[in-house]
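Common to both upcoming complexes is subunit A, partnered first by subunit B, then by subunit C.
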Partner chain A sequence: MNIYRHEMRQNLGATAGWTLALIAIAALYISIFPSIAGNEQISDVYRNFPEAFKKTFNISEATLSAFAAFYALVLNLVLLTGAVQAMNLGTGIVSKEGRLKTADFLLTRPVSRGSVLRQKLLTVVTALLLTDLVFLAVDWLLIQAMISDSFRFRTFAVSSLSLVFIQAFFATFGFLLGAALPRVKRVVAVSLPAVFGFYIIALFDTVIGEKVRFLTPFKFFDVNRLTAGGGYEAATVVYLAFLVAAAVIAGFAVYQRKDIHTT
Partner chain B sequence: MNIYLTELRHQWKALAFWSLGIVAFMVSAMSKYDGYRKAGTSVNEIFRELPGGISAFFGADILDLQSVGGFFTICALYLAVMLGIHALLMGSGIIAKEETDKTIEFLVAKPVSRDRILLAKLLVGLTTIVILNLVTLAVSIASVAPFDPGPTDNGDIVFLMPSVFAIQLIFLVIGLTFAAVMRQPRHAGMLSGAVLLASFILSAWVDISGRLRFLRFLTPFQYFDQKSIYANHAYSAAHVVIAAAAVAVMLAASRFVYRGRDFSL
Partner chain C sequence: MGIIETRGLTKYYGGTRGIEDLSLSVEDGEILGFIGPNGAGKSTTIRLLLSLIYPTGGSATIFGKDVIRHGPEIKRDIGYLPSEVFYYDYMRVGDFLDYSASFYRKDCSGRIKELSGLLKLDLDKKIDDLSYGNRKKVGIVQGLLHDPKLIMLDEPTGGLDPLMQKNFYELLRRENQAGKTIFFSSHILSEVQKICHRVAIVKEGKLVNIESMENLIRNNYKRVELMTREKVGKELFDLPGVSNLKLDDGHVSFLYKGDVNTIAGKIASLDLVDYTVEEPELEEIFLHYYQ
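Now for the complex of A and B:
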């Protein structure tokens, strides 16, 4: 458990920084809603939902709050930032010993590589869950304080859960890359292109067509529908769980036999 | 000169990958445009109907997005972010790597001053961002070609590229400065990445909210905002001057600190 405790201490500052960044983004954007609330066009957003979806979730123009559509925008930016955090953390923590030339120190201790990696993974999970819990609590309070529109807690909770999902994807994807790449000299050089790459793929949803839902985590779920009161589709949740599990298993398998550079 | 050549040789592979990324981006962007046109949907409508003022972020209120030039302007907003990321990774990496790779002792033991090292590395950074900018220009002109743009559309693309270059230059220098002045340069990439993300989010916020316009002075994306440059067909002299001054100050600071800094080993 020493590695876990050490890694947690090392990552506490960065985790606090990211949490503050997420809160700042949410506060910045939520604060402008009251001033633009008047000219919000709910009907346009509403019209874009398929009939079947509206029926399933009992959504009508009357129940849809104007803030819902706006919160989708906020959530989009939060997801982007959260993704960068998760990917940095996942890639960084696994490739750290190779990068900082501390591998021979750590790996000559009486701990198996599996145990090293397990503790590192646990650090990632703890740090991200801490971030999400604090962020979501503050986010909800901000909404309560600044928004008079009715926005149900259930909708908030369900839609905000997407942050946890997207971080799970990027953290484990980074975890796998950190383990599989021969050496990661700079974490941001891996994480930023990857996250923005997926983000840009998501922008071209109409070119790629229906398949896009499985190509980029930013389209695993439609944020607009989530904030309107919709839920997650079972297929995507299963798919996401599969990807996460596959990345973790593959990461462990690769790391066990990896030739780690010590010079 | 040796430092310059060695470093430049190391950059080819990364440049090739980034160029491929730009090709992929422009091709998919223009095929999206093609899709809109074929389906007869109005691009203007699509963007104006975006909720919560997001339309202002895309410039739907001031641009004719139906035209090739207008649509390219939206692409340019994203190109600026992509190339900005390249530039900051470039700027921070080229300085920080001597310390992360433990090669700094080798380098400073050679008969070259630290000023020269910094200068050579800055020149490599400038060379790569110019190359990438020209690649982007060529790819952009080629990818709008099927939509028979008039000479004005191509002229607009050429006119917008300096704004993308300005953003590249600013982030190159931000990355370089962080790496040159920080005691732990390996964190420079992360920090300049955070600056870019914050600038982008703040820039979008200013567009969407339409409030606190003075915050525009805090984010380079507003200094060289492709949509207002396209709409007004002019660069803002004040912003160009401020940006140039900021770049000069950062470079002077890097030189000053890098000269006498202890390296982290």
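Now for the complex of A and C:
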């Protein structure tokens, strides 16, 4: 477990940074809700927003009155941020040995490639769960402190699970790319286009139609429905689990057979 | 059975040749020099032995175990120093060496102290701040800190100043005397000549010769130089075992491998001013393989 310890130490700073970023986003939005709720002037401004803008940021008329609907807007941004964190982590942790040219060092130690990947994957899981636990705990406390609307814990917990789901997808997708690509020079050059690419696909949902639900993780579940007390559809959860497992298995398979070059 | 055995080891990168049908045996306790120019396949061979890359054909064993199936196990007893060293720049030398040591099930702190003292390596510096030569020293320490039975070196002395090279050879000799086997690739022949017991010569991905250093230099090859009163015809030395033949008026030089009586007879038939027969430099023998 020495690689795990090494990687955890390496990633602790970034994990703390992402956690703080998520908390800051949630705190900022939650703190403005009391002043906009039921505010007619703001509703007027909202009505003048272009439709595309409203859609991109998942804002509806209800967003401005009921907290449950407003929280969907917060969650939307949280999911996007969490996705970037997960994708960066997944892509970066495997590809760094190629980027730093340390793969020769690491893979000439008495450790199997499988063990290297297992320990790195465990680091990803630990870092993301730490982020999510700390963030969601603070998030819940913020809601309790600032919001007078009733927002059930169960609804909060169920809707928050979407963060874990979306991170599972992007972390393992990044993990696969990190293992398969010959050399990742800059992690963000891979992670940002991927995350925003999926996000943009989600914006074209009406054009694409019903099948968009299976094309982008941002449509695997409907945040508006979740914050309104709805649940997940079994089909998409199974589909997500399949994608996550497939990415992990493919990542291991590719990395085990890959020739390691330093130059 | 050798410490390293390869059988028909072959590696193609797409359509490009790495090595072809390479069969080699490295004996326990020897220092084997693996020489050839750049692109001959030296690094490919070493990377195959370390299972960093996978062969297109053939197989290899180290300590009698298949290098792919038992890779992690045999690497416990292998120390490897690559030609270019890259480590985690963000770490301090001491922390990095401790991390490296954490892969082996033994206490390496004594060796780390001893080796870094010998090479005058500052353990508190960040790897990022080290000069190339000092990085190389980090490489030497990480390659030897677990007291490996087999040491593999890929063009190891580049970037080391002459004094450090001398210390490094001293260190290798000491390790060898303590029973370690050393597999040493290089294109610098004087380097190999100084320290190796046997030499394997590779050319265009193939093994062309493997011989003991002594055989190679002392017994088999002679460098013959003759000064004659009359011009000598080329045909006189047109016999097996003669190579690198140069004729220049009254001056003749060539390398000879074979029965000394044959060549002595030829020389005796000439009207000589002077003659020398000596051991050639390895460089000359080596060039002979590449003609």
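Everything that follows uses one rule, which is that the second predicted complex is superposed on the first by the 236 of 263 C-alpha atoms of A that agree within 3 Å, B and C clash if a C-alpha of one lies under 4 Å from a C-alpha of the other, contacts with A are read in each partner's own complex, and residues count from 1 in each chain.
By definition in this document, contacts are C-beta pairs under 8 Å (C-beta built on N, C-alpha and C of every residue); 3 or more make two chains touch, one makes a residue touch a chain.
What you see is a predicted model; the values in this text were computed from it and never measured.
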item	value
Partner chain(s) touched by A:32 [first = subunit B, second = subunit C, both, neither]	first
Contacts of A:16 with subunit B and subunit C, given as first, second, both or neither	neither
First, second, both or neither for A:196, with subunit B first and subunit C second	first
Which of subunit B and subunit C A:73 touches, first, second, both or neither	first
Partner chain(s) touched by A:257 [first = subunit B, second = subunit C, both, neither]	second
Partner chain(s) touched by A:102 [first = subunit B, second = subunit C, both, neither]	second
Which of subunit B and subunit C A:111 touches, first, second, both or neither	second
Which superposed partner A:130 touches (first subunit B, second subunit C, both, neither)	neither
Superposition-derived comparison: subunit B or subunit C, residues of subunit A touched	B
Footprint overlap on subunit A, where subunit B in one structure and subunit C in the other make contact	101
Residues of subunit C defined as touching subunit A within the complex	13, 47, 50-54, 71-76, 78, 80, 82, 84, 86-90, 99-100, 102-104, 142
Subunit B-touching residues of subunit A, taken from the complex the two chains share	21, 25, 28-29, 32-33, 35-36, 40-41, 44-45, 69-70, 72-73, 77, 81, 84, 88, 99, 101, 185-189, 192-193, 196-197, 200, 203-204, 206-208
Complex contact set, residues of subunit B against subunit A	21, 25, 28-29, 31-32, 35, 49, 51-54, 78, 81-82, 85, 89, 93, 96-97, 100-102, 186, 189-190, 193-194, 197-198, 201-202, 204-205, 208-209, 211
Residues of subunit A defined as touching subunit C within the complex	2, 6, 10, 100-105, 107-112, 115, 257, 259-263
